[in-house]
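Presented sequentially are two complexes of chain A, the first with chain B as partner and the second with chain C.
So, the complex of A and B:
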């Protein structure tokens, strides 16, 4: 606990234990697996290959992964503050940054396990079942390859991490469990629908279509969808690309995560002082 | 718990393991992005294992001697099957058709057959020829000779070589110039399509008119001999008659077999039928020729013979040459084809024609124990008003008309019972029209027969199918037929086939899309157990503007990539497709999805279809079609039937069993507003 890194490690392991003791998360993962598996099985994409499977999964992923991330994040920082444990932790030499990083790292690891697990199982299912309908003719895999599915899952993780960090940051300003839920749902809706609605609105307001690629990359959902089209689904089409600016989209996903972390650190670090400031201001006004 | 002691050895091991795992995952992920899946190029396969599109290989086989076509095999990004093209033109042309990329993705790699060290040259007739089997070279690396004196049956041939020197050597001998792939890719090739066949259908009808008119003139000859007055028997009368005259046969029964060796007309008083398609009723007025129950009753062996007004019975029951037909089990080899020709061509018949071109049959009925009319070795025949009554069990009898290498033109005839109504083997350019087929095994059965027209016929209660085309001929038109209560309506294989304006009612199966690069349009498919079945593994045909009404299942698909049954924004009419609260034609229709398939039968299916899950799945279809299997989608189902009159004629209150006629000839005539579809392979 001598270094800041040591502090992160301690908090990380404490948080991981918390997650492990919450059986509800495992139930969520099972639910996700059922939905994904059902879609791939009923949708028929899984029987043919990885690219059709990703096409089948893209839309539900855009909704379910943020939902799971928000569920993981909406109480991450609020719970400790509400129970008073945060006040205790403050008496130890753990900085706000180390505390927030530790919590979010642990939650991210949980996210990787809870989201990655079902996706990996679905990928394995596709790998086992995808085969041509008939063996009369010579067949080949086309561009279809497990690599594309790995890419997809690799894109799902930063996408979920952005939502996790954002929901955790939002949760720090909650004052009750109920308001934490409300704020989490709000973050989810704004994230999943808001970005695309803004793009649609700006287009109908007369924005140049040339700017779509850039505007799309700004919201986490747009960035994720663009990257999936660019690096997974688009590979099956003529090699043109240009669904989204890859660098910008990646920066957007990383950026949203960073914004969440920084906001959460700031809120944890300066929140009490703001409270004190507000109290003082109130006192002064009352006089 | 020791895990919480940060300094224990176990914790350190855990930490190390975690770091190693993270590193591994990072490297794996980075690798997934670094690797380019489209760069793994598959090796060429045996051409026989590819799914062939473009020109039929039988066209190839028919080319004289060792003539050959440069072939291409293509690996598409979305398609699991390797596609083979006969002729570079077929491949280049397919790349210009936007549907190819939409359905199969882009070509990952295409290999062309190269002719270095294969003695490339020409046959005596100028067709491109080569020996042996060459290597496969990626199209972009090969060199191509264009403008040489080598030809294919359809025009110029582009000859690929691996090395520039070999190409230059070919140019020295045969002229032309050497170009690269970029130049070949942008050339335009004259590639026939099913749309060409469609436009030719009315012309074939007119050609049949001309043949029939010419036959009528040919048969009209002065009477030279009257049987019973000038000669005791028909056989004797024919022997006495000078060429180009008529032997008149008064009413009565003549128990004899006749052999005709000269160009005469044998004119009986009539087959005793009232109307062309009715059974004989008037025995007293008929001229009856009755054989002795062995062999054929009338045998013709000279050009331009005409037989009119006869009723024939007493044929033998030998259906084919037992020696030759015995070895016909192996359907794959050439032996099978030969055996069929030898076997099927040598049975007994009411009228048997051998090397008798210009044969005219008019108002003749045959009570057949084997075949009614047997044509062999170029006995091009014109038939009108023929009635063949075959055996009750098809195994006992044979064909109404069996034509081997003989072009047949049939109109206003009727075929009841027996094996096949009309069986044609290598009879290119035949026309079968305005005829009725009842209780046969197959109504009309084409083998190795291309460029034929089967039009405006009625088929009833056929045991296997109304119209069937086997082997892989090209350019057949099957138009305006009415098939009911049969196992299958139309099953046509081959390429560039036009199946249009047919009315298929109450069959086990309406039609199958077995012919490749073909056009299936304006068919009315009503009340069948299964409306249509998609069969070819790689979709290459257009199915558009058909009306599917009241079938238990509208359509199913066999193995293979997703079939998109529409042409641009024009789809088919599917009863039930537009049920539910949305704008008509807005929702794609998938006849192979269990929910959509039930829409016209179960009202509750509409509620299921509106569920978020069904809607979501519905949205996802149609993307990367080449990589979807075993289903059919119509992205823009029609709001109303294309042919409500014909649908009404078979479902409405006044529906009868009489054949429904489609006015396809005026619709397909030049300038007709039938359709804007452009067919292509």
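So, the complex of A and C:
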């Protein structure tokens, strides 16, 4: 291994093999498929077209995708630290950044497969069961199209990646499997509900409604929802757009992912020093 | 730092939750086997963790002889923690293959060196405790590090496996400074070139085994242990040998949740 990228690749392959050999993740994907398929079938969107299906799936997606991402992420970095294997890995010439990158890249690939697979199958179901004009590739507003569903799935990936990176980062401060689960659930709740609650609170405090678009884009869920309205649902029904600032929403999803990755790298690289700093402070206070 | 030292520990201290576990520990390790012995809670695992870079000291530090000559892409220290940490679901060859890829080593040769060539395709969870430790020793020696740190590699093993694990550790000491903690004083007696006796987080005695035995007028390491580490209350018990997480002896300093780190 001669380059930092070599370390990323080696860690990536091991992590992907770990995910592949964990049957529970495949069960989760099947569960996601059942839920999504059931919602589309029961909601009637599947029989109507891709955009109605997206409307049916949007709210469940905002909960289920973060949930699956947190399940994938909450032990991603914690497992090696808890077992002591991270201490062994750190004796090898692989940096904290390369290690975290390898782990998170592999988990992101797993996320794409575990989330993308069920959504693709649901899309195929809609294609087969919906009205005849869903085969049209939309270039004009008001026309349903599989392209719009592909866009929706493409937006799901960075949305899930943000939660994956954040839950992995949070897991690095866990001291037990139970606390890792608790921190993961906390990250999920804060992410799914926190942004909307903050927006509602600011509105009730007298903030201008015109600023909702900008404020909404700050949370992962708000950014994802805004992008779906702007580039999937709104394409067919509201050509003028204006649901969310696209640049700000994309920057939000990328930013949350980056925050998760940087926090995870910092925690793996400098966590032990923080512990020592606390001990030194405790020693000084005792004197 | 002495001329032949592969690593020098200088004034290392470490506390957990305000309780000192190591206090002003200084010593050098040279090529060959250095055994670290002492009662439960005396700081052996923490000292070995500091040597391996897995534990950050609150004071002092470790200097390695090759810190200038080795490049950042080479493995400097090999480390096997007290609890063998490998992931389930991977075979012995796959496990070592991961580490070998990081250190440009040969997993099959490393497995053969510790006598696990025939178990290469067994999954880690299917290996016996002894075989897992041998796998851990193989991992620690991958990449030919100058310092190999093995924390209680014989803990919980039957006599034959203890001997095998210690022999594997000792053979690594032909080319590297192998630092091994153990309660198996007979094996330490048979294989160690140097001994460090820890007591209550401090070095009670350290140096070449033969010199220490002469200095203290004893015949073997167990005699040295009795003379230096304290009375019978500090001697390793059968429980210590079979269970590294066993209760501390009356005189030892045992901090719950800390001594195993």
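Please note the rule applied: the second predicted complex is superposed on the first by the 270 of 287 C-alpha atoms of A that agree within 3 Å, B and C clash if a C-alpha of one lies under 4 Å from a C-alpha of the other, contacts with A are read in each partner's own complex, and residues count from 1 in each chain.
Here, contacts are C-beta pairs under 8 Å (C-beta built on N, C-alpha and C of every residue); 3 or more make two chains touch, one makes a residue touch a chain.
Predicted model only: the values in this text are computed from it and were never measured.
Look at A:51: by the touch rule set out above, it reaches chain B but stays clear of chain C.
Of the two partner chains placed by superposition, A:202 touches none, neither chain B nor chain C. Of the two partner chains placed around the shared chain by superposition, chain B and chain C are both touched by A:10. Of the two partners chain B and chain C, more residues of chain A are touched by B.
Of the two partner chains, neither chain B nor chain C is touched by A:179.
When the two structures are aligned on the shared chain, A:154 is found in touch with chain B, with no touch to chain C.
By the document's definition of touching, of the two partners only chain C reaches A:83; chain B does not.
Using the contact criterion defined above for the overlaid structures, shared-chain residue A:276 touches chain C, although it does not reach chain B.
Contacts of A:21 after superposition: chain C is touched, whereas chain B is not reached.
Residue contacts after overlaying the shared chain place A:129 against neither chain B nor chain C. Within chain A, the residues touched by chain B in the first complex and by chain C in the second are 1, 10.
Chain C meets chain A in the complex at residues 14-18, 49, 52-58, 72-81, 83, 85-87, 89-90, 94, 98-99, 101-104, 139, 143, 145. On the side of chain A, the complex with chain C involves touching residues 1-2, 7, 10, 14, 17-18, 21-22, 79-80, 83-85, 87-94, 272-273, 275-276, 279-280, 282-283, 286.
Note for the complex: chain A touches chain B at residues 1, 6, 9-10, 13, 39, 42-45, 47-49, 51-52, 55-56, 59-60, 132-134, 136-145, 147-148, 150-151, 154, 231, 233, 235-239.
Chain contact summary for the complex, chain B toward chain A: residues 3-4, 6, 28-29, 31-33, 35, 37-38, 40, 42, 45-46, 49-51, 75-82, 101, 105-106, 108, 537, 558-560, 613, 616-617, 619-620, 623-624, 626-631.
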